[in-house]
Structure formats: structure tokens, C-alpha cells
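The next part holds the structures, each set out as C-alpha cells.
In what comes next, chain A is part of two complexes: it sits with chain B in the first one and with chain C in the second one.
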Partner chain A sequence: MPNKMPSPPKTSFWARLFSHQIVIPIAALLILAIFNLISDPTFFRIVFKENSSGNKVLSGNLISIIDNGSELAILAIGMTLVTAASGGQDISVGAAIAIAGSAMLRILCGGSSSPTELQSPIILAFIVGVLVAMFFGAFNGVLVAFFKIQPMVATLILFTAGRSIASWINNGELPNVPGKEFTYFGSYIPGVPVPTPFLIAIACFIVIFLVMKFTNLRLYVQSVGINEKTARLNGLNPELIKLMSFVILGICVAVAALIKVSRISSINYSVIAKDIEMDAILAVALGGNALSGGKFSIGASVLGAYVIQFLTTTLYKLEVSAVALPAYKAVVVIILVVMSAPTVREKLSRLGKKLRSGKTGAESAKA
Partner chain B sequence: MNGKKLFAIFTSTALCAAMLAACGNSDSSSGGTASNGGGSSDKIIKVGIINNDPNESGYRTANDKDLQATFTKENGYDARFSYSLKNDEQIAAAQKYIQDEVDYLLLSAADTAGWDSVLKEAQEAGVKVILFDRTIDADPSLYAASIVSDMAKEGQTAVDWLKGQNLDKYKVIHIQGVMGSAAQKGRSGALNDAAAADPSKWEIVSQQTAEWSSEKAQQIVQAAIDQNKEFNVIYAENDDMAKGAVAALDNANISHGVGKDVIVMGFDCNKWALKELLNKNWNYDGQCNPFQSSYIVDIIKKLEAGETITEKTIIMEEKGFDANTITEEDVNTYGIGEEEAK
Partner chain C sequence: MFRKNMPGFLKKPGKMTDTNLLTTITIVVFVVMYLCAIIFLKEGFLKPQTMLNLISTNSYLIILACGMSIVMINGGIDISVGGVTALVAMCCAVHIENNGGSFFTAVLIGLGIGLAFGVVQGFLVAYLDIQPFIVTLAGMFFARGMTTIVNKDPINVYNESFMAIKDTKITVPLLGTTNKKGIYVPATIEIGVIIALVIVAVLFFMLKWTKTGRSFYAVGGNKQSAMMLGINVKRTTFISHVLCGLLAGIGGIVYFMHIGSGSPAHASGAEMSAIASSIIGGTMLTGGVGNIIGTLFGVLSLALIQSIVSSVGLDKAWWTGITIAAMLCIFLIIQSIIIARRKKANKAAGGT
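Our next item is the complex of A and B:
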């Protein structure tokens, strides 16, 4: 569709507005914010008080959102790259989080289920977790890039088997990590009033921002996603770039896994990060990225992730009955996804142009 | 070329022959055990066990370990296990076991519906069916016995305990399991009834499903705290969710446990949860007994002796633990998980 018609001259304000990808998640955030402001202004109150370990920390609905949405936001970074490069999605990230988390706990607890002290330094456990997650990312990547299997089918393997692998790593035990240090990643570092998951997420954004700024990763990923053959003719190696996007997603998975297992100092293989893959894909879609690959905006995806968390927190606050909760979420999500679909955005921007330039403009657009 | 072709034909025929031979072998061997077993007192009893995925929860892991330890060769059983969380896969496994002519089919069904036809097949083939852990919607004539937890009773025991705390006001945050599951229905039912019976004293401040997940439970309690809601009881329908709720309380500096501001209640009796009780951080944990194998063995022995089972539904005994009365010994006897540590 975009190729067939000449791109509209970007003169009108609305046309320019709707051509920006990031507008949709921002608009969604605003709508949710206004809705909450009207229904209950205290929603936005943030207080500064002590938690039970004696730290002064911020708390409030907004803090809960940036806290709980951070794992999803981190995953959204990797998922955007995978989507852009391969034109498909990785549905195994939830299972991969279980694997990486399980590997970290195995290192931390040394195979026993309730040790009295940490068996290894946390950094070592994290590095092992990252390596394990990168390995499984590379496994998916090889299937997609070299064997040309549809990403959703290729990652279905790990989606099915991942949680059993995670359980096998710890012999089916559910280890509990002793000590306070490990809980810092999922709650608060003493003396820092902002939840650590959000700080970790910001660190990830900065890293990926710098990578995008100082390397050609964005250009390479986009060109492979738009047209693999042309990219190859221009001297790129599409297989390698696809593989790389999956490995980067693997790193994101490991970071998210660290936060997830730190939140409860333990793991439950079947429910940890359950259905998070769907939310991560949704975040990419809400960010207005084409799920068929090509151009992408990581910032928009990340905002999309926080929109999803905003929605969840709002629904909890409204006390929607538990049985109806998924239905409410689905309705809002459908509206948001339709709004952010590239074709709809194009229609909207043309509509905006029509409104600006009046009848003559409308007729010329028809012709 | 010709040589290659010949070689290919030769190898493929060899493979086919090997396969046929293998099939023949297994047939004759299984036939052999059946005929050997008939009549003699120390016969090997063939059981097919269909369970849910042991990774589902600590409860299921303990349940599977208990079964694995009981139905061994040494104890005189030829047991086969299959695991699935999906009804259709479980039904397929049941059909396979019936074809393999097992003596007993032990079943913990993923779903309550859809079992009639396969259980009729079992009946016609002379396979006796024993349900454990979960009931199904089928005519009782189709199975020999059903060994279950009474989830409604578990909920009632917990709510009775809560009533015994004699609070002036009960302001409860109710964190539910996966909606529609037997455990959720039973455990929610008792609390809802209590709240409906005495609305002047009982108030359910927030009622949400966390789908057995601690992270979601944490978010739900966090949301209640962010809205400045007053509450003094956390009623979580499993231990994981109680743990998540406690994490949210800790972040907000709300004290919990014996003699503190908020009463914390969980279910399932994981060992780590009972330790929380022992440390007086939680107040109550309701048992959901995963050790059905001794009950199953009783039934099998009775059936083998030719007795008829009069009471088909057997409800297991289940306890509720109070942080004030729990002992180290209770933790070790009734706590599930962490077998290796001991």
C-alpha cells in the first residue's frame, strides 16, 4: 500500500502528526491518563515513605506502573529488533525467561533448594544466565536465519519445551535464594527511592540508544527486514543480522529474568512470565511497528509496553471482576492496535489532509 | 548405481524386518507377563498413570514423586506414566494404556468433561479406573474409586480459622487462583459465603485473580495499597500468591504475621511457606494433600482381593496450620518440596 501511492505532501499539521509512529502510544497513554484523572484524581498521587527494610521509597500507582512494566519494556527492545529483521515474532520469550531464571538460581543456590547463604556471587549467576539466554536466542536465530523456518514456528519449539528445560536445570526443585542482596534487583536498592527494575530498564534503553547511534545496526536491520535480496546485493549478510537480532533478544530475556526471579527470590516454572510473549508482541504492535518487518521504532515499542502495564494497573484499580478482566483488556487492546496499524494511520493522515485543504484537496486526493 | 540401489533395498528391508521383529517381541513379552501373572499371588500389576505436568506446581511435583516412589517394580507394579495438561492428550494416553491392557488406569484429569467414551472403553476392556486428585463429570459406575481433596472443605476450614481470630472487622484482600479451577471455586466459595452472611463485619476490599502467580498477586496488593485501601487480611488461594502479596506489604512497610497489622493466609503447605509460619511472618496455611498413593494402594489391594468398593468417593484428610501452634515437626512432615535438602 505505501509503495503504490505517492507519499502525501507533509504540509498539514495532522498529516505530520499521524505520520509519526510514536504518536499512537503517546496518545494511548494520554487517553488512559485522562480517563484516570476524571475517574479518580488521586490515581496520580505519589508518596514518599519508608518500606519495611527502612528505606525511604516512592510509591503510588505511577511508580507501580514503571516498576511492573519494566520487564516488558526490556523485552520489547529485543522483540522490536527481531520483528523488524525477520518479519516474525519470537513466542518463546516467556519460556526462555524461565530457563535463564532457573540457570541463575542454580548458580546462586548451587543445586540445593534452600541454602543458608549464596553459593556464588550474583554477577556470576547473571553472566551465566545471559550466556544461557543468548544460546537459546541463537538456537532460535539459526532456525530462522539459516533454515528459513517461520519465526513463530521455529520458536514454538522452545515455547513448548522451555519450561520443562527450566525445571530440569534445577531437578524440579523450587530453590529459594537466601539473603537480601538478591532482592534488590526486583525491589529497591537501599538509599535509592526509585524501583530498581525501572533503573535497569533505563540502563538498557541507554545502551540500545548508543548502539543505534554509533553503529549501523538500525540501517542493517531495516534493510534486511524490508528486502532481504536487496540487502544481500548491497553486501549485507541477512542471515547474520537475523541471528544477531535473536541473540540481542536473548540478552533482553536474561535481564528480564533477573528482575523476575529477584522479585520473589524464587521461581515457579509454569507461571513465571506466563503469556509475557504475547504482551511483548502487543507492545511492538502498539508502538505502530509493522509486524511484517522493516522500519521500526524501539522507543515506540517501549512506550507500548508501559501502555499495557498502565492498562493492567487501571483495570486492577477499577476492580473489574476477575472473570471479566481479560475481556475488558481485549476491547481496549483491539482499539489501540487498530489505531496504531500502519494502514489506519495513513488513512487518518489523509483524512487530516482532507480536512485542512477542503473540497478541492479532497477531489484531488480522489483523482 | 546398481550397487547403491541394491544396498538401499537391502538396508530398507533389513530395517523393516527389524521393526517387525521389534513389534513381535514387545507383543509377545507383554502377552507373556499377562499370562504369567494370571492367578499367582505375587503377580505384577500393570498400571497406567495419567497425571498433569509435574512442573505445574510444587503440589504436583510432590504428587508425582509420591506416585513414582510407590508404583515401583519392587512393590510389584509395572507402572507407566504420562503427563499432560491437555485433556485430548490425556485421553489419547488413556486409549493407549487400554490397548496395552493395563490392569488399572489412574487418572488425574486435566478437565472435568469429555471422559465418558474412553472410560466406557476401559470398562469393556476390563480396565479398572481410579481417579485421584480431581473428579470428572462422568457416571460413577464408570470408575472404581475417586480419591480427592475437598476444596470447599479446605476453604471452610480456613474461613472457620479466620472467624476464630475474633477481629472486630474483617477487611479482606482476596487473591484468587485461575478462575473456574476446582481449587479456586472451593476456596473462594467459603470466603464469599462468610462475607455474604455477615456484611456488617466482613468486607471484601479487593477480589482479583492472580492466576496462581506471585508477580500478579504482588501487583494486585500494590494496587490496593496505592489506593489507600484499608485491609487487615490477605486471603491468597495458594502459597505463591501469598508470597507475592507479602512482597507488596514489605515494600509499603505494612507489618504482617502473628500479632501484626495484616493476617496472611495461604494454601498448599509448601515447606518454605510453613517455615514462614514458623517464623510468624504468616498466620495460616491450609493443606492440600498431594499424597494420594497410599489411598490408591489400599483400593487396589481391596480390588485384587475381590472386595467391592462401597464408598467410591474418598475424601482425604487435610489440615490447616496456625502459626501459633505449628511445630518444626509439622513443617518436616507436611511441607511439600525440598526433599533433597533433608
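Our next item is the complex of A and C:
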């Protein structure tokens, strides 16, 4: 847990830069970018194209990355907070997305499978979705904070039940949302060339940034994550803060669910947001956050999320089939965690020191 | 935290250890559920064959859950077991059907894959101090991905000698029933059940009476104290992961023998079922507490509740997931209450 230790005083600019955690996702991003540039120089080309609904929009690999990586980025915000506060991860976010999405569709379609017009305004559906997701977030939060169950296990309950609950909400049907307005959240708003999911992700990031700036949330979450007992002695309520982090994750889940269901105007309970929980945890880890809680950087996690999408797109470009993707991802993950493991780092730095001292020793001998 | 692991009936009920208390709860719940099923849903559940079928279908899960229990007793977790099961089943299927290999070599391949996963993950967790969740998550990704790389599409095995092994049924004496026409129908089980039960017995004895088995509890209970007792914590953690990987390999072979095909979709969610059964069986995630017999009953309870749900008429697919989750929730809350009470009692007694 390198983040928990007080960092040794470093004077050089480069040393300070490399000690910052955001260097991990940026380095990964750079490696991927250079790799793509070499293998296919046209990878980064962005063109103005007319899409199927007649809008002039930007298109290209980069655009598809920021478009498809947005749900993950939004989830990474909440997941970082949960990880930092509770020292564990929520593995039910994919299932929770299915529930929230299903609730939204239920409100929008009023229970019938293919209505001709929207049964209720989108904003109402969104609010219901947020409330539902917050409720399930609070359920996880109560189990973790008050019953002291490990987060990963507490959320296993919702992971098991989530998709079942989602199909129960709509009675097993797959409702189709009529009209074009609802699809805007998952594609493009007419006249705006940037994909809406990216705009939503930026909005979420700005909101959480302002919250961090003007409230003590960051300080509280970090102190609970670093040492719960000390936090309590300092007058904080660790249970409440843990609960709050899960509720915030619930809100993120609802926003991601809105994008997910809007992309296809419908839902598939067993497939929607499948394995996204693993990617979200990976994003947090890639962002250089300690998975055992404590100090965190949301910006690094968000960047980590886009790096994962970058990796996915790159692998697709290399004609890796979608089903075989996890194997390659796993290799990357293992390399990353091994490189960032405290014991490995220690050994590497000791090796570096040895080399350096050997050099200086040789120089002094010469002199 | 290093509690003596005596059988519950040898001690006064008030002095039961966590392990035995949780196991007892599980067994009682299982028996009560089965009695209720017999009373309210007479037809099927009265026959011993129903019970035996339950075990036959879930024998692979018993093996996976045993490995999971060991890792969890040691304080870790392994979520790659489902992926390894699918990978082993797929490799066996390809080996026998496409390459014309024998069943024996397929078994060796399966064991090798399981062992390889166990060794690599164990090394990363124990000696490089990486969180077991992340390591085994990557393991799961890798196994699932490799399954589709080995063969993209589901593959059925029609090899005759394999079919003979697959269809071998072992007759259980004394449990046969007479059907309506008055013909005696013997009760049968699959080979996998024997393997699963042998593994359960071996692990039960190992955890109780061998040094390695006891050190799992010690390391899971408290790493520092275990180290002071002179236990090699790293090696113990390593062994727990290797055992879990090996059992995942055996589980994959048993699964393959039961289902007779390989597919990327096989054993999906098996890791979560294995974790759930371990928890229901009284293994605590914090480590140091658990019992293989409890795990066995955990798997059976999980299977029983599924078949009860479907025979009650709640046949909509979603009810299974919801009931399992509800059961898991109840057991977790019971565990957390027990821990909280014990902590209070310790404090009241002036202990640590």
C-alpha cells in the first residue's frame, strides 16, 4: 500500500512527477498511443461524417473510445469513492445497471412492451431510476457499514439477484422505447457533433470535482479509508461516510444505466453491462488507487477507464474477437499489478540503488 | 482466533466454536428445508433419487466450493474457479473429440491446467503480496478468454469410450424405490459424486488433523500470530491457492464428465455459486473459520432451494436468483451478528 506511507521527501521535478499516481494511467495511455501510431498511422484520424439520422458528427477511433468508455468513466467515479472509503469493491454495479435501466423502461413504457408513444416524461423515468439505484446502493452500504460485511461479499447478494430483479420489474418482457428523444442520451443530440455520453461523463466529472472542492467529502472519505478508528476518534461517523459512498455510486450507476438503455432503446437483462464491474474495478486499480482504501484520485480513475476502452478498441483493431478479449486484458492487468506491487517496486528500487551506488563507488575509486 | 476445531457434539453447546455453530446452523436449515419439501411437495422429494440427482448435478460445485473454502479459511478468495472449470471442460472436449485423445490424457490435461492456475495465482498472491481478488479476477478473465480461443463454439463429445464413462451409473444399495408398476428402480449416482465425496472426506481430515490444514486456520485467523507461532505464512497461502486451483481442475473434469461437452458459456457464475455455498456453509470471509462438511451442506442447500423454487411453481427464471440472494443475505447477516456478539463478549471478559 504505497499510498498509505508518507512519501519520502523528493526534490527533483521528475521524481515528484513519477511519485504521483496519475503517472500510471498516463504512461499506459502513452504506450497504447505510440503502439497504435506505429501499427496504423490512420488510427487517430477524426472526420466529419453524416450519421444515419442526418446529423453532421465527428467520427473516428478516438471518438468511439470517448463515446463507449463513458459509462465506465462514470462508474469509476463512484467506484473510487467506495474503494477509498470501505477498502473494498462493489461487484454489483453491472446488476444494478440492469435494475435501474429496467425501472426506467418500466416508467417510460408504462408496462406494455412496445407502446406507440412515451408514457411519461424522460426526466421522471430518470429520477425513478436514480432513486431505485440509490436504494440498492444504500442496501449494499448498510450491509457494509453497519453489518461489517466485506464489501465484495455484501455486494455479491445484489450481484446474484440483480439481473433477476431487473427482469422481474418488467415481467420478463423487453420493452422498446418509442420516439427519438430517448436515443439522444446514447448517441448524438442534433446539432452537437460530440457524442452525448461523453458530455454526460464530463458533466458528472465536473459535479464531483465541485463537490470535492467545496465540501470535506474527500478528506472524510480518505480518513475513513486510512484508519476507521482514528476517523471515529476525530468525530467522524465512518458508517455514515461508507453508506454515503455507496449511495453516490448508486447515482453513478443510474446515469450509466440511462446511457446504456438509451443506446439500444431497450434492454437485455442478461447482457446489459456484463462484466462492467470488473472493468470498473480495473479502472480504479489502473488509476493507481490502493484497492485497500485510503488516498484516492478520481481523475486518475476516470483516465484509467478511458485507457481500458482504448485498450479494448486497440485489440478490436488488431482483429481480436470480442469473446477472446478477456484473455488479453488479463495479461495486461497482471503486468500492471505486478509492476505496481509494493514488494516488486521495493525490489526494483533496491536494484536501482545498488546499480547507482555501484557506479558512484566505481567513480570514487577512480578518483 | 486460533480456535480448537473439535467436533461440536464433544463440547457443551454454550462453548461451541464459530466454525461448529455456523456449520450446525447450515445443517439444521438444510434438514428443515428438506423436511418442509417432503411435507408440502410430497411427490418428488420423498424419493431418495431426487436427493441423489441433486448431488449428481452439483458434484462439480461441491469440489469447487471445497477449494474455495480452503482459500477463504486462509483469508483469501479465488474467483477464477468458474473460468478454470469452463477452460478444462473445453480443453478435454477438444482433446477427445477433435484430436482423438484418450480420456486419461484429458484428465491429465485438466489437472495440469488447474495446477498451473493455482501455482501462478498462488505465487502472485503469496510472494508478491498482490490482492487475491485482483489476481484471480485476471485469472478468471484469462481462463474465459482462453476458453474461446481454444474453441469458439460449443463442442459436443460423441466419443464412445468417453460416453461409456459418462453414462456409468453407480447403484446405491438400499435406496431404490418401487414404481407404480411394481418394478424395482435402483437408485443411482454418477462417478463424479464419488470423487466429490472422497475429496470432501480427504479435505475434512486434512483440515482437522494435518499441520498444513491447521495452519490454514491459523493464517486466516491472524497472520501476525501465525507468523509468531512459526508458521510459514507465505507458503501456507501459496499452498491454499495451489490446492484451490487443483480442485478447480478436478471440478472441471467432473463437470465435463457430467455434461459431456465444452462451451465458453459453461459454468458461468460457478465462482459466485461456490463463494455463496461456502458462505452458507459457515466459512467466514474474514478467514480462520470454516468447515468442509458445512460447505458440502452449503452446496446442497443451494441446490435444494433451487429445486424447491422450481417445483413450488415459481418457475419464472428470476425467482431462483432472488431466493439464492435472499438466503445469502440472511446467512451473511447471521454471521455478522455472531461476530459482533463475540467481540462484545470478548470485551466484556476483558480480552483482546
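The rule is short, and it goes like this: the second predicted complex is superposed on the first by the 323 of 367 C-alpha atoms of A that agree within 3 Å, B and C clash if a C-alpha of one lies under 4 Å from a C-alpha of the other, contacts with A are read in each partner's own complex, and residues count from 1 in each chain.
FYI, contacts are C-beta pairs under 8 Å (C-beta built on N, C-alpha and C of every residue); 3 or more make two chains touch, one makes a residue touch a chain.
The shown structure was predicted, so the numbers you read here are calculated from the model rather than taken from an experiment.
Considered on the superposed chain A, chain B and chain C are sterically incompatible, since they clash. In the overlay built on the shared chain, the residue A:P121 is in contact with neither chain B nor chain C. In the superposition on chain A, contact is made by A:V338 with chain C only, not with chain B. Contact with chain B, but none with chain C, is seen for A:G60 once the two complexes are overlaid on the shared chain. Legend: residue contacts after superposition of the two complexes on their common chain; A:Y188 is shown touching chain B, with no touch to chain C. Of the two partner chains, chain B is the only one that A:T312 touches; chain C does not reach it.
When the two complexes are overlaid on their common chain A, residue A:Q89 makes contact with chain C while staying clear of chain B.
Contacts of A:R163 after superposition on the shared chain: both chain B and chain C are touched. When the shared chain is aligned, chain C comes close enough to touch A:K148, but chain B does not. In the superposition on chain A, A:L325 makes contact with both chain B and chain C. When the two complexes are superposed via chain A, 112-120 is the only one of 112-120, 220-228, 256-264 or 274-282 in chain B with C-alpha atoms clashing against chain C.
Touching of chain A by both chain B and chain C, each in its own complex, is seen for residues 163-164, 167, 172, 321, 323, 325. Only residues 53-58, 61, 176, 179, 206-209, 211-215, 218-220, 222-223, 225-228, 240, 243-244, 247, 249-255, 270-272, 337-338, 340-341 of chain B touch chain A when the two sit together in their complex. Residues 89, 143, 147-150, 152-154, 156-165, 167-168, 172, 278, 281-282, 285, 291-292, 321, 323-331, 333-334, 337-338, 341-344 of chain A touch chain C in their complex. Residues 77, 124, 127-131, 133-135, 137-142, 144-146, 148-149, 152, 264, 272, 275-276, 279, 285-286, 316-322, 324-326, 328-329, 332-333, 335-337, 339-340 of chain C touch chain A in their complex. Within the complex formed with chain B, the residues of chain A that make contact are 40, 42, 49-53, 57, 59-61, 64, 68, 112-114, 163-164, 166-167, 171-174, 176, 187-188, 260, 263-264, 266, 268-272, 274, 312-313, 316-317, 319, 321-323, 325.
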